[in-house]
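Order as written gives the chain letters A, B, C and D; numbering starts at 1 within each chain.
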């Protein structure tokens, strides 16, 4: 018994329980909701958010009020560049993905340099970058995205080819596992947590604070682009604001997953579960017949309730 | 007097990661440049209509920037400001029903709605102790949903007295200009209050403030309530510009106000800065879009240019930050 | 002194922080008109007990009786209403507000919610004036962030005085103060005692305890182990009560080590430094003396590349770029910084990570860590330095000051440094841990490292240094060697340079 | 101040030109809007060649209602003679439009009708547009058929007008709407929502959806392998037509054109009116709205022909129709 209680305080466990609870509620109210097919479908949709949340997790962990508000548009840009390059041709997948990642890396680099060199707070730096990338999309496309995912990418996302599961879930699992290992078992990971906890103490311990910070923002843009590419595999055709709306949910996923907004504490597993919780919640609200205003309100209330369970900050009176 | 008392600060504070602080001169310089450039490119801005309409356009963002500034100085953040504007404006439209006689009731309703929203934010942040960024993101959802409930589809008439306000002039000074000035003056009064001092102390260092007998939770709560009230006023300003209600109004105001606050020299970490700077920041950002329009950039490049301008303004503000004393 | 009717009585105080039982059934009784020492090793719960009384910690259980009345103290405001004021170990000033605004914070005068600056200035004037001899020319409108730490500490004390407390808690309030400043604080405390207040005084400096305190309560591991009358107890006795039987550290220094110069500094300038020259050999422990704030800390930070400075620095004949702590660390330089909380440790991270972080790249293969090697390295330091920990996975914030400081040492020992810079390494460290830290420092020197140490305590320099450089206004103005290093000579050297009689101290003149 | 109080010096009516026309568009994140703007630019270029149009001033950026108010005020200050706006709100721009018309500027609202009576709305009848596909769907599923609707944004006037009309059709035809979901006029969101609805409403016979989301909805239906049992209303866009074309011949759908070219049509009207023509009041609905006739919808009958014609335009092309300068004469009184 004494072992169960601390586990129940673990944000990841709580978030996972809430996801299960939501699915159960959905299943009772509308039987199809808890069907294996629907669950796989929701996981598929959660994977885009989940992949974008990898980068967001890294940035939040890096501390210094770290946050990346540009991930949504970077994901869209990545999707546009990749799908325009592949134009429905499997042979062009690799060049398309590389182009998207290359451009995303430059954007992340600009974010990182603006933050460490120009000392612009991350919130507003990446907010400005959100505008820049939105503008870049218009310049690149002239206002018409016109891109098509290659069939292999489509079947990776929309098919059920790997043990009856969509390949994208395996990709997500691999990426998530890899990033968890990077965070826990590499020099970069240790340094990331160090700068997230205390920039000054990390610097005085010989940690290259600026380099790690910039790397965090580069990684964030890279994972955003990957998330966008996965999403265009889902929608098959690209359009101008494909993934724009995933920014704030990606932050919410990170926070629901128990990563400290101040940095230095947390991990990716929680964010992945957070992405699932958010996706299941949206799906559940869709399938319950209620007026749209009520759905929007319930979404907000549930989010607050969720965070109130464990996402509370320290008391002043310890 | 001993030599030790004149000692310079010890290195424990030296070289701490510098917080970004915008020197007021950087904000002032940006403001001057923006105003001069806008007028040079668009001389019609100086016509009575130009002045009145420009200030009327600024007013909602100016008000929300002040609202945001108070929360940010208190160490918080309010992503729901835009949703509060929307909700309070539709509530006001519904109670005024286009009748001049009900304008005062509308004012009370808008401010009251803003206060109620601010109370919810304040409770969630100060009592539930949720992270402000994500908490107000969630509460924005609640307010937006309620706005849709109150006014399911755009419409309703705003009393002429309200829409007419912006067109009036007092001694040839347009009303909209006077309102912006009044907002600034309002702050000068507000800043002399105990609650604002406590809000600033709370934003500067909550633990220290708590130990210094500052009612920290109450101050946080108050910052959101005050901010909500001002956002409620912004709801009315929006109505004055729009002439009717729309539950989707104000979508860009929350993020725009945060940018304005930073350009205006207020550190996002709290404790520093003045809403006067935020007013300047709001005007700089609003004018920059007028400037970009006036220089006739190809439209597909304009969004890119606008983003770059915002980053440059932020960078300039950051570069103007005073170096920490050694 | 007999306690007839105690003003403060705390009993049955329990407090647990996560896995740490900070207080278990602690108690304390102090009378009005008494300065009551609160003693104990690092982490024994002194600050926690003080905070329970001051309302800023939520005890798991506690009984508090003030002037015969049982009270609940639910917040600092509640404490203030009961006449309890505290000066915390960690300053509670708001850096963005002015001195005056900080002094009246939480009880600003004014009407109808509006502030009155004039009334505030009037209220703080007497306190500012009382502190002037130690505080210097500090005005109402000066920004607190621009003050020196000692001045900030005095403002903090002023804030408590303004409340005219019945009970005043001073938690290591003298730790960052200079001798003269301490004397003024003592005068003030004595005045308060005359006025019938009870003062709870926490300090690790035994001389301060014996000079000021009437009675003392001694804590060990969160339990009250003794209450004694200070004048009737010898210092040795007090130390024994605090830490059990620990050998007092004996002064020990050797003749200047032979061999080539290991650390060579020429014309180091920038910020507070105005041309520092320095030569130190392997195995030598060099102290930095002088009045506080003459550039000692800056010198160490500059050598470590942590603040901007220019000049020639060589380690073993190879030039060192003063670009960043990273490049300094690569040349075998290590720094144990002055502010453990913000500069030395990564509070939320596990002890293992704190130990590993500086040497982590060396143990990794292509950036990938071996869990086993990390753990072994960390454990080796825990063993070598006898760090008292629960588990390597516990956050470092669960350690007391002395043990956390040992972790900071261990972090750098793992890099096998050839030059070790120590900035006030025993600040806020109890007697027992202090002795162990001195042992570590000597061990480093014996293994051939060059140690440069700055200390706010002259006795520390006397105890460990082979040679002491006396700094004034950012330059070395005198050097004491071997038997010349005594507390008297140190004070003399510091003051006489200050008076302008440069080079009056004996020894080779480095300027 | 020395500058003229009347930026729009020419006013409306028999000015000799050349004229300046301002465009205000508050949303650029869609291919529909891009095509709308390029249609306008194409139409304007011939007037510019003739020397009748001096300048086409574009205010084209993603913004909210406040931002669009600023856009319109910028145009007023730039001294334009007419403004063509695709408004972000059906009513919240009334005030600023009033400011423009007060200064003698002609204002046209396209795509989204506004309530200000001084503004001329130009566009298709959204209700009629929606009813066309709703009637087709009702016929397909028959009385007692069960459907779901994937809507745009609740509360948005176009959405309300459309769904309101569709609902009426379904009520009359005895078709049951099991539930509705908002897809935000966003293809991927529409796809996600449809996926959820498919799982939880297994019994549905059809889906009614609109603009921009039909492709996503159809993809979800195809992914579930149920395109043969569930009838999906479509849209007149190349992306959808292509997927439609790839399906078996049994698959049926409908695409009703919502032409982005309305903006260009409005430009022709504006030029004519600036040159002195007057609008024929008798053709105005509700006092200020010119309703453009719907094009023949795309159905299985004409799909091949339409596709052959539009295939080369790219995937984001929206089937279009623009009234020419001569065509718009029908709405004007000649003097």
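We take it that contacts are C-beta pairs under 8 Å (C-beta built on N, C-alpha and C of every residue); 3 or more make two chains touch, one makes a residue touch a chain.
Not measured: the values here are computed from a predicted model.
J.: Between B-C and A-C, which chain pair is linked by more C-beta pairs in contact?
T.: It is B-C, judged by the count of C-beta pairs in contact.
J.: Could you state the distance in Å from the CA-based centre of chain A to that of chain C?
T.: 43
J.: Averaging over Cα atoms per chain, report the distance between chain C and chain D in Å.
T.: 71
J.: What is the distance, in whole Å, between the centres of chain B and chain D, each centre taken as the mean of its C-alpha atoms?
T.: Computed from C-alpha means, the inter-chain centre distance equals 35 Å.
J.: Two-or-more-chain contact residues of chain A, please, as numbers and ranges.
T.: 134, 138, 142-143, 200, 291-293, 295, 315-317 - these are the residues of chain A that touch more than one other chain.
J.: Any chance you could list the residues of chain C touching two or more other chains?
T.: Expected reply: 56, 306, 337, 342-343.
J.: On chain D, where are the residues touching two or more other chains?
T.: Chain D, residues with two or more chain partners: 28, 37, 62, 154-155.
J.: For the protein chains shown, what form does their contact graph take: line, ring, star, complete or other?
T.: other
J.: Quick check on the complex: what are the chain B residues that touch chain D?
T.: Of all residues in chain B, those touching chain D are 42-50, 53-54, 57, 60-61, 82, 148, 151-156, 158, 163, 238, 240-253, 286, 289-290, 293-294, 299, 302-303, 306.
J.: Using the touch rule from the top, collect the residues of chain C that touch chain A in their complex.
T.: 17, 55-58, 74-75, 304, 306, 324-326, 328-330, 335, 337, 342-349, 353, 356-358, 360-361, 364, 367-369, 371, 411, 415
J.: Name, in rising order, each residue of chain A that touches chain D in their complex.
T.: 26, 30-33, 35, 37-38, 41-42, 45, 134, 138, 142-148, 158, 231, 234-237, 239-245, 282-283, 286-287, 289, 291-293, 295
J.: Which residues, counting only chain D, touch chain B once they are in their complex?
T.: It is residues 1-5, 7, 28, 37, 58-67, 69-71, 73-74, 76-79, 88-96, 98-99, 103, 115-116, 153-157, 160 of chain D that touch chain B.
J.: Of all residues in chain C, which touch chain B in the complex?
T.: The contact residues of chain C facing chain B are 54, 56, 76-77, 80, 86, 88, 91-97, 101-102, 105-108, 110, 113-115, 132-137, 145-151, 159, 178, 180-181, 271-272, 291-294, 297-298, 300-301, 306-307, 337-339, 342-343, 423, 498.
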